[in-house]
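Shown next, in structure tokens, is the structure this report addresses.
We call the chains A, B and C, going by the order they appear; numbering starts again at 1 in every chain.
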Amino acid sequence: MEQLIQEAKELLEENKVDVVIGYRSSPLPPFTQPAFIRRPEDCEQLVFNCGSVYNLTRYLIGLGEKAAVVVKGCEQRGLVVLEQENMLPRDSYLVIGVGCSGQVDEKKLMEGGFDRLPEQLSDELIADKCLYCDQHNTPDADIFIGDEVKSIEPQKERYAGLDEFFAQDYEKLYHQWTEVFSRCIRCYACRNICPLCYCEQCISYVNMPQWLPRSVADNNNYLFHMRRVLCMAGRCIDCGECERACPVDIPLRTLYKRIAQKIEGFFYGYRAGYNREQLPPLQDFNKDDSADFIL
Amino acid sequence: MTAENGNLYKPQIVTVTDVWVETPTIKTFRMVFDDPKVGDNFTFKAGQFGEYSVFGEGEATFCIANSPTRKGYIECSVKEVARMTHGLHLLDVGYKVGFRGPYGNWFPLEEMKGKKLMFIGGGIGLAPLRSLIQNVLDIRKDFDQVDIIYAARCEEEFVYKREIEEWKASSDCGLCLAVDPIPDQVCSDDVRVSFIPSILEEMKPDPKNRIVITCGPPIMIKLVTAKLEELGWPAEQIITTLEMKMKCGLGKCGRCNIGSTYVCKDGPVFTYEQIRSFPQEY
Amino acid sequence: MKMQKLSEDDIRAGLDKLSRETVVYAPIEQEGRLDFREMEKGGEVELGARKTIMSAKKLFLPQAEELFSFRAGKHSVEIIDPPKDEEPLVLFACRPCEMRALEIMDKVFNWDYADSQWNERRARATIIVFACLEPLTETCFCNSLGIDSSRSDGADAIIYTTAEGFFARAHSEKGEKALKVFGGKDEEAPEFTTRDFPEKFNTDLQEEMMENFESPTWKEVAPACIGCGICTFVCPTCHCFDIQDEGGRRVRLWDYCTGADFTLMLAHQPRPTQYRRYRQKVMHKYSYYPTRFGEILCTGCGRCIDQCPQNIDFREVLKKCDQLAPAETGGGG
């Protein structure tokens, strides 16, 4: 922690950045909250722990200031995609990298009645996405805090269970999802919290034509979520923020992982954000690309 | 007025009886209430607005552009910018439109009686002013000198061209037309090439017993009010009408507020004195 | 004073009976989420000290509500009134914060124009409130705003939970009619008071916030806000709405001022940055509404704190608003 505070202080004192975006403690689960530090003396507030769940890279687009942001391994993939989409040049911010051995699942934390973060993150409390994490240490960091986390054996496979789930009867799945989406309150938290949702005018608000009716009635929610899957295709980095933000527990990652799994299958094992040099499928074309859907 | 059975959001049905193409993007629609009882009992004051709707496209806020002294119909002048206005522009004579209103406050006609009036309009901002101009000219003897200054980007962008001809010919009001001094500007001889603040600087209108009523794009209102203040005009003698995004038009949906002022209820007509006291959120 | 003493069995049997006579909404858990649901759809009613995710507001201002439908041809339009729902409903076990919120919102919905949809629902509903003698969660702050959660004078009936059972008291004829179904017997009830919250907030912020509208502190009040609609939608007092035409109907929909689209016009965007939108939210609740209607548009239920994905604590926001630095001279924000 000392190193983090010290580095952040220096960045501000030397005017290398206008703001340090990190985590500070909070008395409420998950016992941290995003912090926007502008004065060197406030850097004392900075922490990093297993409750530092927020993907802070979300604040970079449109920030209008030079920022240093604490970035976890998974989140760095979002920065790669943003750079590939020409939305966020790499030199417009500084990455404060960390070694992360897992983040807490806030809902499980609250169910367990915890009044503080545990010293050790048990399997019962850890977020699902962390069970198959393959990027514990932030790549391409300008500053790296602490020691690197040594490799941890993933406890499950990224796409585990998806094939079985989606192999179910189509009618059954449709009704199941309809019921799930009927809970949706169209708060757009999933969209607003996602670092890759940066459209100034989201298609859900375009009204000429009104592609996606705004009301929660008539299965309109299904349309919205299916549209969002298309937005995430080939881009989602599985940081899990959408699912964490959802107030009604819609299993969004199931959808976005499924489309990612399909894209990986169609496009030579492509996974968003792992390789800056590998162009995303939407930006690339190969003569050998499968075209069996055309004929 | 609202429809029966108390549903505030249910519009009256009006039929389009005339359409005038003012400019390539602006049309004026004249409409008549389908229900003659509603039409006969409909009253409003100059400055008020209504929520007009194209069924299937949505509702939008427009001022009632004709004077209450001209009975039997309501008019609105609409620039085609988005979905609802696009839908409206597709309509022709005989088509049905929804109308809710009149809403909002109105120009303080009584307080203006006996005074000199100067109307300053920019572009489509002439529409809300026209309601008052027609009203004033219809009861002309109640007022002192009446002047109209109207400017637009170019002559083609003038709205109410036929009415402008009437005002030119009339001895009831003075008229000054202007177009923006942009490169390659072409216009008739009786139209000046000048921004309004420059015209005001030249004219130096005396604020004594005179009221300015102005409407136009936000930047125009800002510059005109600044120039008038410079020329010694007290802020209470400058009246304008504001535009904010509105939905319900009657103070419930929470969208049009500037600070604690609801433009749909406390406005849209305000004095510059009032506007100065608003938080600078406009 | 004497109140109707009820056992848990009395209540459950009573609810069962009521739900067969009329529509009853009560807090029911589904997959770990507690919300007001129709009893008829199944599930056990929660009688314990738990807070729902969404407030009871949705029963009086539905998230999507048909204002009317229409059949529009080229030269004809027929407006069709929405199907009239005259079924009386019972709202069971909402909390004093939610009841208070309804009374606060009655004012805007009857400001000059009476919103018939809102008023009809208010008239049709029998509201039975469960008092809170303790805060439901550590995020509750109704008491800090001066609200006494041991009473709910606007409700039709109130029920107190004790270790020995429930005590119920009707405030109105409707409440009496509903409580009769529960049976039980009259018994002397203890005096019910809430534990005083340690922290009282200064809620008299109207003028201070207006005077300091351009304060640079506004940028620090909630920089983490992502502009979603969660706090607005779970809030029992937020009521701003949108009107859209869709699918042959004109519908009224919940809207949220924290979103960029709220004031976005083609020519102009009055609130282009997030801090301005957040300022609108705070000031609408703590300045504009009290100026107009004499009441703060907040009942301290804490749902916004519970559900905010970025862990923004509205109580911290209020404290910062009590210490707004004056604006720099010579310029707006």
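Please note the rule applied: contacts are C-beta pairs under 8 Å (C-beta built on N, C-alpha and C of every residue); 3 or more make two chains touch, one makes a residue touch a chain.
Every value quoted in this text rests on a predicted model; they were computed, and no experiment measured them.
The most central chain, judged by the distance from its Cα centroid to the centroid of all protein Cα atoms shown, is C. Judged by contacting C-beta pairs, the busier of the interfaces A-C and A-B is A-C.
Each chain gets one centre point, the mean of its Cα atoms, and the points for subunit B and subunit C are 39 Å apart.
Measuring from the averaged C-alpha position of subunit A to that of subunit C gives a distance of 31 Å.
Separating the CA-averaged centres of subunit A and subunit B is a span of 49 Å. In subunit B, the residues that reach two or more other chains under the touch definition are 58, 82. Shared contact sites, meaning residues of subunit C that touch two or more other chains, fall at 242, 244.
Touching of two or more other chains is recorded for residues 207, 210 of subunit A.
Here subunit A touches subunit C in the complex through residues 26-28, 30, 32-34, 36, 54, 58-59, 107, 111, 183, 185-189, 191-193, 205, 207, 210, 213-218, 241, 244-245, 247-249, going by the rule given at the top. By the touch rule above, subunit A contacts subunit B in their complex via residues 207-208, 210. For subunit B in complex with subunit A, the touching residues are 58, 82-83, 86.
Subunit B contributes residues 2-3, 5-11, 13, 53, 55-59, 81-82, 94-96, 98, 217-218, 243-245, 247-248, 250-255, 257-260, 265, 279-282 to its touches with subunit C in the complex.
Taken together, the subunit C residues at the contact with subunit B in this complex read 67-68, 70, 72, 74-77, 79, 81, 108-109, 111-117, 210, 213-214, 239-245, 248, 250, 252, 255, 257, 262-268, 270-271, 276, 283-284, 287-288, 291-292, 332.
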